[in-house]
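Here the chain labels run A, B, C and D in written order, and each chain numbers its own residues starting at 1.
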Amino acid sequence: MNISLNITETIQEWLIGFMPEGVASILGMSIVALIYLAIFAVAGLYLVLLERKVAAWFQLRIGPNRVGYWGLFQTMADALKLVSKELTGTVKADKFLYNLAPYFVIISSLMALAVFPFTKEFQAFDINIGIFFLIAISSVGVIGILLAGWSSNNKFALIGAMRSGVQTISYELSIGLSLLTMVLLTGSLQLSEIVETQKEGWLILQGHVPAVIAFMIYMIAGTAETNRAPFDMVEAESELGAGFHTEYSGMKFAYFFLAEFINMFIIAAIATTVFFGAWLSPFGITESIPWLGVFWFLGKTLMLVFLMMWFRWTFPRLRVDQLLTLEWKYLLPINLVNIVIMAIIVWLNLTIKF
Amino acid sequence: MSYISDIYTGIKTLLTGMSVTGKYFLTSRKGAITQQYPDNRSTLKMFERFRGEVVMPHDENNEHQCTGCQKCELACPNGSIEIIWDRGIDEATGKKKKFIDKHIYHLGLCTMCGLCIEACPTDAIVWAQNFENSTYDRTQLTKVLNRPGSKVKAGVED
Amino acid sequence: METTLVKSNFKSEEYFINMGPQHPATHGVLRLLLTIDGEIIKKVEPDLGYIHRSIEKMCERDSYQQIVHLTDRMDYLSSHINNEAVCLTVENALQLELPDRVKVIRTILSELTRIASHCLWWGVMGMDVGALTTYFYGFRDREMINDIFEETCGARLTMNYNIPGGLMFDIHPNFVQRTKDFIAHFKTKLPEYDTLLTGNVIFQKRTKGVGVLSKEDAISFGASGPVGRGSGYSCDVRKHHPYSAYDRVTFNEALKTEGDTFARYQVRIQEMWEAMSIIEQLIDNIPEGEHKVATNAVIKLPKGEYYQKVETARGELGVYIISIGTKNPYRLKFRSPGFSNLSLLNHIAVGGKIGDLVASMATLDLVIPDIDR
Amino acid sequence: MTNEALQNLINSWITDLEFSEEESQFLNITVTPEHLHQLMSDLKSNKETSFDYLFCLSGVDWQPELGVVYHLESTTHRHSIVVKVKTADRENPVFDSVCDIWKTAEFHEREVYDFFGIKFNNHPNLKRLFLTDEWEGFPLRKDYEDEINMVIK
């Protein structure tokens, strides 16, 4: 196999063949962006399907099984239906912000996808502050949610949005700190380098105890960051009906919905990259076939996504003050101690390397 | 110290909860509790006492057992049974006798309480197990239970 | 420095929010007018009547046999017990001596109804605090009871199996075996309820110390059923005013003294165990005999006033009949448990968060047609 | 406490009470509207009676009188009693509210007001409970007529 998966360079080189360099690089970027958009819009839909199937199996049901074999086209049909639906809105809504909000949410989650190393080469944008970029981008989405809740002119939506603000600001700390714990091991924020370091063993093994703690904190905070149960204060259907997207319909609602699932994918993908060696195969069993990295990356990510779904379909929801108690009284102090422990481990060279 | 034991018991209870759902996740393919309703029509059988709708059984000679005594009409709380009756002369005995012209049953008004069937002295009306009662038009819910041309079985008296 | 500026800059404002009539947590068409300060609830005012059918007025024109089926439509989750309440009132008024068989079968069916109702409540309780999966586990077990009812009574929800004077028809031959199968099945599944939800740390945090109702308030608000017993108020009608076959079985009244949401939750779980034990005591020795005693086709109650209370899955249901000797009741009043239990919602929800309101409302186990009648 | 003992005890508090045990399983006390609140608070507060549980409050249209029936039970002594109060004034029937004695009465009295039009003094929030505010008439009164919504057999 000699497929070059380094799509950004491949496309740009091909374009440079018949147009000036500046235009080619801009055009190349747009093409890559479009490819990613197409792939992940579909991938998001299939994540929705996966969620529905997994939920069904947890709940002794069968799940979608009508559209296509095994219900494979169910979410496609749903998306088509949503596209064709009327876009309703409230009378006194702030029209500009109301329309802007869904795009904020979906764009911020799609942007984060650019930096993931699906294989050694299949990475659209290998920025040297990769982790920092991810944390920064993933917190932009909350602005969209706040805008949506505020501009809808609906009190349920407003409560949802305010809860979302509280929640994201708090849990961002934990996400950042737990990732920072792992950065102590790698010494770099660049994702490709983080993966390089893991050739000596996945970071969760290298950092053993503090890494496992960091991973647990990351998963809890990550679930909270995506506003999924047990932290779905924002939507909390038994309390707020639908929360911040109460007044959205049709495709605007679909953007919110899709963004939630892409965000879930992102959180799992970050965990895969930082803790589980991204595209690296266990014990290097498929090292000779580089394109299999995609398989390993997606496999690990989907395992973590499944874990998050397992949380969602098992646990009750926290109350809004307990949500903050959990963060400020438990996760944050543990995290701070954990960083110190990790620093000591790195300093004393107690990491496990193969 | 309670801080750490809180965390420990907290995580433990969460994991035991996950083990319950996890167990069902692995075994659910066998034991789905939902039914694929329109697909399983051929195998779906209702219990024999199921109250679907009120029917009047007729035998092969197109004879029913309703004498037109109107006890069901009186027993019905919602007025869903109306009996149009007449008096005629019994051919066998030559006496004057009540017989039904139409036994009208408004399924749309019926609450399936079963009082009419309890009240019927001749078991002329019984429950049918048919539950697919939806129609496109409300008027179709008004049914005439006795078939056209039917008559009361000989020897049935109230 | 200008301190006045700091004072005037920060002010909070109460706002008003409409919860329902279409809201996932109000389980039907209950409308709550909430006054909220941020997330804190300042006042809850229920607005009722969205499905009021005036059953009490309808009863005044119906005969006593016909009244029974209307009670199915009040608290539809314990319809069998509602039927029983009316039938008992009429039978007491007529001074009918019922066969033992009727009493035992009624008791078994009542307890099955109670389990079915609590199964549904458990599923919905889980759903209200955010654990959606419980709903399906609760319904799985409830479905088995519904099958038992369907086989014997012919209906799954609105049974109308009781008539004044006994039962409409005898139990189905499979009834005993099916009930035993269910008890055996449910004994393995009820512990799962505990591992999945009761023990869960999030659930305990959500419910402990939330919606506290003291014993004095419980009595004053007329709380009954698991709501009253969760506050340590011994109000089980089956114990204090036994009817049907409750005087010949031994069971414990589930009592908790904490009075919070979790206590009410535990009382209901405990009640399911007790209900199973009652059924087990009776199911093997259902006496032989008639399934009803003959009554007149037109029942006329002697002039007078009759009151009968029974314990439904939600609490004490009272039937108050004033008869003037005709075939219809002159006045019939249903004292429904949900109505009294709803009246204390404002008392226990004020000061809590929206999530607390939802959790405490879930343990009040409101069935709106029961309140609206 | 037996019905007789109750009757003797309560009779010593207020004079013009009517006691009856006919046609009912409880001891019935009929009280005039003026003495209602006094009697009720005595029944609750007295140590020997301590009727702390108002388990049913129903409005009744006796034609021509309108009235309210209170079913009381004591959770300590486990005895029950029925208190009735009547008024012949159909236009503007007023009784004293007992919701300061039993909190459950607040909702029940609103229900009675809704269906019988009986007003209660000192009730904190006396307005329609089930019906809309603009509803005319009081449906559970015997003389109520509504040709559209009522089906008379």
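What we mean here is this: contacts are C-beta pairs under 8 Å (C-beta built on N, C-alpha and C of every residue); 3 or more make two chains touch, one makes a residue touch a chain.
Worth saying up front: this structure is predicted, and the values here are computed from it rather than measured.
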Pair with more cross-chain C-beta pairs in contact, given A-B and A-C
A-C
Tell me, please, which chain's centre (mean of its C-alpha atoms) is farthest from the centre of chain C?
A
Separation of the C-alpha centres, chain A versus chain C, in whole Å, is 44
Just the number, please: Cα centre separation of chain A and chain D in whole Å.
63
If you average the Cα atoms of chain A and of chain B to get two centres, how far apart are those centres in Å?
52
Residues in chain C with touches to at least two other chains are numbered 62, 133, 136, 140, 196-197, 200, 202
By residue number and range, which residues of chain D touch two or more other chains?
153
Multi-chain contacts only, two chains or more: what residues does chain A have there?
58-61, 313-315
Tell me, which pairs of chains are in touch?
A-B, A-C, B-C, C-D
Contacting residues of chain C [partner chain D, same complex]:
48-49, 52, 54, 56-57, 61-62, 217, 219-222, 224, 233-235, 240, 302-307, 309, 316, 318, 320, 322, 331, 333, 335, 339-340, 342-344, 347, 372
Per the touch rule above, chain B residues touching chain A in the complex are 7, 14, 17-18, 20-22, 24-25, 28-29, 31-34, 36
For chain A, which residues count as touching chain B in their complex?
54, 56-62, 65, 310-311, 313-315, 330
Residue ranges of chain A in contact with chain C within the complex:
55, 58-61, 155-156, 159, 229-230, 232, 236-241, 313-322
Going by the contact rule set out above, which residues of chain C touch chain B in the complex?
62, 65-66, 68-70, 72, 133, 136, 139-140, 143, 147, 150-155, 158, 160, 163, 168-169, 172, 192, 195-197, 199-202, 297
